[in-house]
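Chain IDs A, B, C, D and E follow the sequence of writing; residue 1 opens each chain.
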Amino acid sequence: MNPLAGYLLVAALLFAIGLAGALTRRNAILVLIGIELMLNAANLNLIAFWRYGSHPEALTGMMFAIFSIAVAAAEAAVGLGLVISIHRHTRTTDLDQINRMKG
Amino acid sequence: MLEKADQIFVLLLHWLVSFLPSNWQHVASVVLCVATIVLLYPALFAIAVLLERKGLGRMQNRYGPNRAGPFGILQPVADGIKSLTKEDIVPFRADALVHFMAPLVLVVAVFMGFAVMPMGRNMVLVDLDASLLFFFAMGASTELSIFMAGWSSRNKYSLLGAMRAVAQMISYEVPLLLSSVVIVMMTGSLSLVKIVEAQNHYSWGLPHWYVFTPWGLAGFVMFVIASMAETNRSPFDLPEGESEIVAGYFTEYSGFKFALFFLGEYVGMFGIAGLGTTLFLGGWSAPFAFLGWVPSWIWFFAKVMAWICFFIWVRGTMPRLRQDQLMNFAWKFVLPMTLVNLMVAALWRFMGEGLLRWAVCSVIVVVAYAAMGRVEMRRGHLGPRSYRYAE
Amino acid sequence: MLGEGLLKGLAETARNFAGSYVSKERLTTVQYPEERVAPIEAARVFPFLVYDGADWEAGLRCVACQICEKECPPKCIYIEKSKDKKPDYVGKPQIYPARFDIDVSVCMSCQICVEVCPFEAIKMDTEFELATQDRFGGLLHDRKQLAKSNEYFHAIHPTEAAEVDARLDEEKAKVEAKAKAAAEAAAAKAAAGAAPAAPPAAKPAEKPAGGGE
Amino acid sequence: MSFAFYVVAALTLAGGLAAVLLKNLVHCALALTVAFAGLALLFLQLDAQFVGFVQILVYIGAVAILVVFAILLTRGSETPKSSEIFSRTWLAGLVVAAAVFAVLGWAVLQAAPGLPYATVAPMVTVQEIGAALMGRYVLPLEIVALLLTAALIGAVIVAMHEKEGAR
Amino acid sequence: MSASETRMVGSGGAPAMQAEVELLEVSMGPHHPSTHGVFRMDVALDGEKVVKLKPVFGYLHRNHEKLGEDHSYLASMPYTDRLDYICSLTNNWAYALAVEKLAGQEVPERAEYLRVITAELTRAQNHILAVGFLLQDMGASGTPLMYGFREREKILDLFEALTGSRMMCNYMRFGGCRVDASPAWLDGARKVVAGLPGFTDELEALVCTNEILMARTQGVGILRPELAVSAGVTGPMLRASGVNYDIRKVDRYGIYDRFSFKVPLGDHWDVYDRFMIRLLELRESIKILEQALKDIPGGPVIDPKAKIRNFRPKAGEAYGRIEAPKGELGFYLISDGGPNPYRYRVRPPSFVNLTILEDMCLGHNVADVVLILGSVDIVLGEVDR
């Protein structure tokens, strides 16, 4: 098989797993875990395209991946901060129960 | 001849693998190197433990272990046999798999760091372009193993200890990284080999180690502080502060797994000492030009052991900090200090040679240190007191 | 400046570290089984029974008055009186302990038995290596194990033993003088011989025994 | 495709699957780190050393620890009842995910023959990356720096203990 | 939604917030390494902050008071050694003082001097040890403690040479002391006392200006003077709270009015003050020792009329108290004329000082609890009796 296609398939599968986790789990933290997996799958795509692309010396894919990692770290920090804050208000992290806009 | 002594291990390796067919040589040399590292550091660990116990003993006006073998030098062997033959207890409610994995993950992670450590001239397993980053990445993954140990034991003290340890290690990783960044700024490389080479030249017989510059000294001090915290050494040993939380995250470990934790901790210490040596103390380079004939690996290990001795000395002297004070110290003193140091390093870079930059940089570093120390003491209303007497 | 106190402390430990190699003052440990500290005269560890002469059974000063048994705070002394009597150091017939046991595991080395003994019969030993493998029988010392000669007493507590001997000699001299006087009186009276000598000598022995409660 | 690729890919996918399927949240977080480690290895296989190490440093050293702390702080480390793991709309979610995978997989397989085949591994030093970050990509770098600062402050404020009487 | 409901009712008030926080209940002790013996604290933690602390003691209860009523007056003397087993000589003195009051006995002058010398040596070694253990609790790897032990050994050697035992001295008798001190012993004591200031300097250099020590102890475990007085706290604890109360000055028992010494007082009422007050008291004890060892007269050490056997004080009651190293140590005795006391009661300083533990600990960290407990300087033998 084409190596690039292999990496892309792995990334797609990982993305789907992350998406399924984010959509089906109740716990807010697990939804965040799913989102992290999806972001990582995207990173894998970026790196794979950079590696097998025609201009690897331009570093575009790698730069994208680096920025994506930085953004993902920020997202995780804020997201988990929100989860903790919500937990402090409602004593739960169950998304089915957090259904009100009022704190 | 002296050249040979310096390169003895490299030559030995080449000689050994030359017996093999050429397509096996690469694999064989890697395996041999890894085996050497995996055997060497536990041996050093045994020496360090003995040194620590004897040194602490002497500092406390006692002998330390002196019964096993002459002067107690067989004590590590006795300890090893004891821990190997002890019953391995896993608490009933513990998460057996995670409980089992935690020490393994720790040991693997700390050993990985040595892959990029230049232990002598031409003595590095892989000369990565980003070896400093690799080292920190491996250091970061030890935190997870500590969390695994604390959480899986199902013991409140373990969990408290693990939370403390992880919070502490995360906090001090930032100053640890930032204090190394000045070196990267000056060398222009993340490769540890290049960093050592940049320091390995002499003027008037004195080496160009980074510690002998204002920014290098400040970075070195901050690195030492952060490395003590990173390896959970006194005065930052509160994750295992036995007077508070029994033994912290490895309370529920016994026998061989406990020994693995102990090993991991010490090997981690060697790792960080080796890194500090490489970054600030010129790695394997000799301290004086006329001592250049001594094999480079001797210098490296001598410096690492000196570093360990300093850790032992500090442990023998200092009480332990409290959790919130530790955090405050990291975020409000060490981190700002490393940031100031970054600026000083930049200034140094752009001021050009001369006494002026020495004066300016030293003044900035000293003033910043004194001012921040003062603020730190003022905030807690700390200071020596005088007492009144009633007749 | 921040860190000054820490540096001072580091200097202090370094001084002690170096000092432990040169000065006895900074390394006071005595390596016990090979080295021992000089014996301390006042030391008290565990009681023993003093005997005079060569035969321990005949020479025991103890007359089984049981004062020590009563006064012992943790009650670790067990005494059984003998049915018969034997002569003591002044030659008077006295009861002797048929059984005299002290339990090492209970004794707290307080020396009260020594203080209350009117006969200088029980003294404190300085021997401290009393550990055994048998936690019941081995720790219960009977009178044979407890009996130690007056010479031994002199060896471990020379000052105290000298005082004790002086006191006993004085008493003995007094008793002899009394006996002599009695004998002379008896000779003067030219009546029955040695019989009156016994009651006055036995009396001081019984009086404290009754009053010790 | 090398044997190593299959092993690492399997490890990554297994980690990912375990992370979304396991009951106990801490186990999920640990499985997540396995997935992260596998991804780092994949990056290394793709000759992206720097990104691989950054992946370990950031994801295993920071994000995984953050997740674990969040789990402990929300008392989520106890195993929940099986009925409470999945959301009420789990079927819809699963269908959507499957559909997404189907589309992506189809696209990849469609394009596979035309994709570039193994080229020579690009030699990129860290110095070049640094130069690029400070040169062509300096604006995004500054924006990310701002974003990180904002996120840092935001996360601290959101998670800070509310002082009594503050509201 | 019940959780959020309670929240609305509580409307953010402090009690509701408190109730809502999930607490981590930790049992510290009885085999916890820092509880100085067998002592337990049921601690409720919010994070690492203490919100509730319940001291549990009695693990070392040995029926001391009842034994005292069952034993003769003399036979209780060795038992008092075991109350505060660090300072047996001061325990002896307090008990002897109570019995002497009860029986109306006089003490010869030389015996009074010997009592002061041994008691102040006891105070010195107790304070050395208290400071050492406090630092040990702080995690100082035992170095200050080992230095303390080194110095304490010299004092214990003196005790052994005089009384025959290192810790369970059983030295004082009603109407004096058991044995006389030889001139050689007094010379030895002078030598040891001459070495103590040097040791104190060493300890101060090692720890007193240590920033970590200051950070750990200053402002921690504040005991307000009003609370201290109302709870009956005594000894260095009370003086560290700024209350000038030293029974050596108040009662002038024995011959303490003959010596010039000062009472150090704390102004910040925290652990650091308690730590420093002990060191300063050590220096004052050295002063007393120097004076006492200079002036010691000759003469008998025990009242010649004192009875060892068959001691029966007349009916009545007496309370004898002294300034023990840990605070006011008192013995309360009622005699009905028999060989045993009718009632025998001990007022142990550690026990009373321990009662305010929770008040000092609330709002502090677990690590501080260990320190605060260390600064109280308890000995469980005395707390549980």
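A few comments on the model shown:
Simple rule for what comes next: a contact is a pair of C-beta atoms (placed from the backbone, for glycine too) under 8 Å apart; a residue touches a chain by one contact, two chains touch by 3 or more.
Please read these numbers as outputs of a predicted model, since none were measured by experiment.
Centroid distances built from C-alpha atoms place A farthest away from chain C. The central chain here, found by comparing per-chain C-alpha centres with the mean of all protein C-alpha atoms, is B. If you average the CA atoms of chain B and of chain C, the two centres end up 61 Å from each other.
Chain geometry summary: the mean Cα position of chain C and that of chain D are 81 Å apart. Separation between the centroids of chain B and chain D, computed from CA atoms only, is 29 Å. Remark: chain A and chain B have CA centroids separated by 34 Å (rounded to whole angstrom). The set of chain A residues that touch two or more partner chains is empty. In chain E, the residues that reach two or more other chains under the touch definition are 143, 147, 150, 206-214.
Shown for chain C are the residues that touch two or more other chains, namely 2-3, 6, 9, 12-13, 16, 26, 28. Those residues of chain D lying in contact with chain A across their complex are 1, 5, 9, 12-13, 16-17, 19-21, 25, 28-29, 32, 35-36, 39, 42-43, 46-48, 50-51, 54-55, 58-59, 62-63, 66-67, 69-71, 73-74, 76, 80, 84-90, 92-94, 96-98, 100-101, 104-105, 108-109, 111-113, 115-119, 121-122, 124, 128-129, 132-133, 137, 140-141, 144, 147-148, 150-152, 154-156, 158-159, 162.
Within the complex formed with chain E, the chain C residues making contact are 2-6, 8-9, 11-13, 16, 26, 28, 40-44, 67, 71-73, 108-112, 115-116, 118, 124, 208, 211-213. Listing the residues of chain E that touch chain C in their complex gives 71-72, 74-79, 81-82, 143, 147, 150, 153, 160-165, 168, 170, 178-179, 202, 205-214, 308-310, 339.
Chain C contributes residues 1-3, 6, 9-10, 12-14, 16-17, 19-21, 26-29, 31 to its touches with chain B in the complex. Per the touch definition, chain E reaches chain B in the complex via residues 24, 26, 32-34, 48, 135-143, 146-147, 150, 206-216, 218-219, 244, 246, 249, 262-268, 272-273, 276-277, 280, 365-368, 370.
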